[in-house]
Amino acid sequence: MSKPPIRVTVWGEYRHEKKNPKVAALYPGGMHETIAAFLRKQKKLQVQTATLDEPDHGLSQETLKNTDVLVWWGHMAHGEVRQEIVEHAFSRVQEGMGLIALHSAHYSKLFKRLMGTTCSLKWRESTDKERLWNLRPGHPITQGIGDYFEIPMEEMYGEPFGIPEPEELIFISWFTGGEVFRSGATWYRGNGKIFYFRPGHETYPTYHLPLVQKVITNAVFWAHTPTSVLDSCPNVPPLETLPEDPEKNTRPQEGFR
Amino acid sequence: MSKPPIRVTVWGEYRHEKKNPKVAALYPGGMHETIAAFLRKQKKLQVQTATLDEPDHGLSQETLKNTDVLVWWGHMAHGEVRQEIVEHAFSRVQEGMGLIALHSAHYSKLFKRLMGTTCSLKWRESTDKERLWNLRPGHPITQGIGDYFEIPMEEMYGEPFGIPEPEELIFISWFTGGEVFRSGATWYRGNGKIFYFRPGHETYPTYHLPLVQKVITNAVFWAHTPTSVLDSCPNVPPLETLPEDPEKNTRPQEGFR
Amino acid sequence: MSKPPIRVTVWGEYRHEKKNPKVAALYPGGMHETIAAFLRKQKKLQVQTATLDEPDHGLSQETLKNTDVLVWWGHMAHGEVRQEIVEHAFSRVQEGMGLIALHSAHYSKLFKRLMGTTCSLKWRESTDKERLWNLRPGHPITQGIGDYFEIPMEEMYGEPFGIPEPEELIFISWFTGGEVFRSGATWYRGNGKIFYFRPGHETYPTYHLPLVQKVITNAVFWAHTPTSVLDSCPNVPPLETLPEDPEKNTRPQEGFR
Amino acid sequence: MSKPPIRVTVWGEYRHEKKNPKVAALYPGGMHETIAAFLRKQKKLQVQTATLDEPDHGLSQETLKNTDVLVWWGHMAHGEVRQEIVEHAFSRVQEGMGLIALHSAHYSKLFKRLMGTTCSLKWRESTDKERLWNLRPGHPITQGIGDYFEIPMEEMYGEPFGIPEPEELIFISWFTGGEVFRSGATWYRGNGKIFYFRPGHETYPTYHLPLVQKVITNAVFWAHTPTSVLDSCPNVPPLETLPEDPEKNTRPQEGFR
């Protein structure tokens, strides 16, 4: 008996591609379609896409319920994502849906909601080369990645990055201009696994790079968790015999005070 | 030259005390006043209180700006705390304000906002004894606390507690009814230090217990951090010479793709 | 093409079973054989055993090299395990071999070597019931385990447990006698994953309990990592052009000092 | 009543200084004396030194017992440090002695003993500039340090660094040659606090730099903890009434098996 496929939803803001010819040339069907395309090469993944301007941003409750791993890329329109949709996605992460937050998704409502911090950073659009160093050669996310890999030109992100201490720091980036950045990191929230991956500015062909695709593909498999349980706040009976209560609840005891 | 005092604001919801005579008898001036009173015994602390029904819940921007450590107790009226005030307090934590979240504050908007999780748990109002085990005898928060201490009767909180993995797990509670709970734990968010401390149901005289007071007092000193810096997202120039750009930004390179 | 099986070595001290008829009655072929037997029911696992009194304690370099996950139970004879064998096993963990440390293995040379702490704890052989609470319902190690499970009688282990803060705290135990214990926890060391699991005193039939077997089986699958790389300390050339050296190395610069 | 001073012991290997005129010129009394000298400017610190070639390497049990924070620099003679002394220092860390491990102390017996990993890294003696980025502007260790600081020339250390995930990552270094390194990080072991700080190759005047001195000074204050307790493994009586034992310990129960 074979396992069911992992259901992946790749969410793209899909605005830069419509406004900037350079971006459109790099990602003709949108960045989400480029990402979905390389994920679809994995037969164990069942991949769909969703975008901001669809009804419910393409993320209806039904869609989220049937998503095992959500990949998120957004930038110029973070503010247009409805809070209600953010809360549904947040709850699904708590239940066990994985989240891969890409590049400028560091400032998405969903990622900030899960981190509990500002998620601020330094940045510069320029001609920096980025070299990502692999800190965890034995981690599922870095399989097939060597000691490091390079991206010929990328937007720079620099420290301090306003995140909670990661559970696992996977990559640190070196930039030509003199900065460093925690460019791959994991966190748990509820039953869900989260991976933030820095590369992917819209004006560069970053998501066409084989090793970038490899990391994202690995991360999708890593982020898939076995269960879906949303915790609640139940009133429960005791499992062991409790002492009798001589009205202790209603009057403070001398000896207690 | 002596250091300036640590400025502490003890926030109390102050509703149970007005509605339930049992609570009023235990905490005549409100729970916040009981907590403020024992903190005021420390000459290095400068303590004020604030409550829900004051203008801005007693937490104006000016007040928060001048607060080094915020102690929070709330329960029945979490929903009435205005989101705007929560956001100001959240930003102050990122800047470096300490937060001591007490008991049912696990479900306060502020604590949940900082955790990025549900903060759910099991519970039971009953006759349970709680024994708190000290996991970190060398930690500033546990100084003066022995191997464990007991609370004769308390509301039970049980696992799973929907929190991110704590930076430091300080106390685990044993309950007569058969449950356990991570009853003392720390996290960093931005520059701010957070301590969650479980005990303190309103119908018990918990905050009159010397060791409970000791833990909260220690935690206030621990949570005080040296600086107050709110991070931002600055665009920065390079520190090193960058390669020239032969229109690289405008046209994807063959070799790159 | 199917994946190769996971190669598991179950190491047992195998002394109590020979000296104590009660233990022998519970574990006729030795505790390691009971553990190996339930693991062998998994067709994806290839399981062998090794014991203290075999040459090299059954852990030759060849055996360790061909072990993906090592399960360890030891108690009365920790001191007889040769340091050389401990170092080989330690290096294999750094390379990526998983380790499941059971019960009194908290005091084994290998586990202490990996933790960097005392690994001390409180204990009592008595009639305590142990109830293990599941803190991570979405974790691979807890699949098939509910909210909690019980062991009718077990040796008590109590906090403080002298370990580094776990990467993930999976189980906390409640004991009848009033104690708590971090009874399931994970750490990474190098490329290797480590799981400590508390239950399993030799005078109780703990390893015959289905849920204990379930946890250990899950942990073996969890601890298996994809690679085997032992890090070294290489001298490396620069990847970018360095400034020329006007004897900077040989004479301290004025401006520098 | 004023607090007693913090008792600091600065340990230096003191071999390079005797063999290499360049090192001797930079550190006439030895590196340990340079470090001790700037720490002595703090009136709350009481500073002594110890070196490898003294009896017991200058670290008698009495000396260690009276040391609150140990600063360690060693390199070429790690192998000559007696294991017995390492174990005493290890136990003192568990009790609460702080440890500041400098530069090549990453490979000292004591640091490796506490980490439980290889502590390997990449390295290069060359003309690299090192820029240390401050990830935690609110941390006691980074007070007085800005966004980053630079060392004009230093030995390069590169990732992957074979350490357990730090409790707090404080600094990441950028090197001219294209590498990055986790150059400031903290861990807890037992009651002791540990800070690893990368800079300080013997052929450079690194310990004369004001900001390097500032970090080490801050770290000494940070690493001082309030207590001194070495844990043990006590047999303890129950705190609650246990069920009677109908020879349960001697015969496995049907219902149990």
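Order as written gives the chain letters A, B, C and D; numbering starts at 1 within each chain.
Criterion: a residue touches a chain if its C-beta (ideal position, glycine included) is under 8 Å from a C-beta of that chain, and two chains touch if they have at least 3 such contacts.
The structure displayed is predicted, hence computed values, not measured ones.
Student: What is the graph distance from subunit A to subunit C, where chains are linked when they touch?
Tutor: The distance in steps between these two chains is 1.
Student: Pick the pair with more C-beta contacts: C-D or A-D?
Tutor: Contact tally favours C-D.
Student: If you take the mean of the Cα atoms for each chain, which one ends up farthest from subunit D?
Tutor: It is A.
Student: For subunit A versus subunit D, what separation do you get between their C-alpha means, in angstrom?
Tutor: 35
Student: Taking the mean of the CA coordinates per chain, how far is subunit C from subunit D in Å?
Tutor: 26
Student: Please list all residues of subunit D that touch 2 or more other chains.
Tutor: Answer for subunit D, listing residues that touch two or more other chains: 131, 136-137, 158, 160, 165, 167-168, 176, 178-179, 188, 190, 231, 239-240.
Student: For the complex, which residues does subunit C have touching subunit B?
Tutor: It is residues 131, 133-137, 147, 158-161, 165, 167-169, 172-175, 178-180, 182 of subunit C that touch subunit B.
Student: Help me check something: in the complex, which residues belonging to subunit B touch subunit A?
Tutor: Those in contact with subunit A are residues 22, 25-26, 94, 107, 113-118, 120-129, 152-153, 156, 158, 160, 162, 164-165, 167, 176-179, 187-190, 203-205, 208-209, 230-240, 242-245, 248-253, 255-257.
Student: Can you check the complex and tell me which residues of subunit B touch subunit D?
Tutor: Touch list, subunit B to subunit D: 96, 131, 136-140, 143, 167-168, 176, 188, 190-192, 225-229, 231, 239-240.
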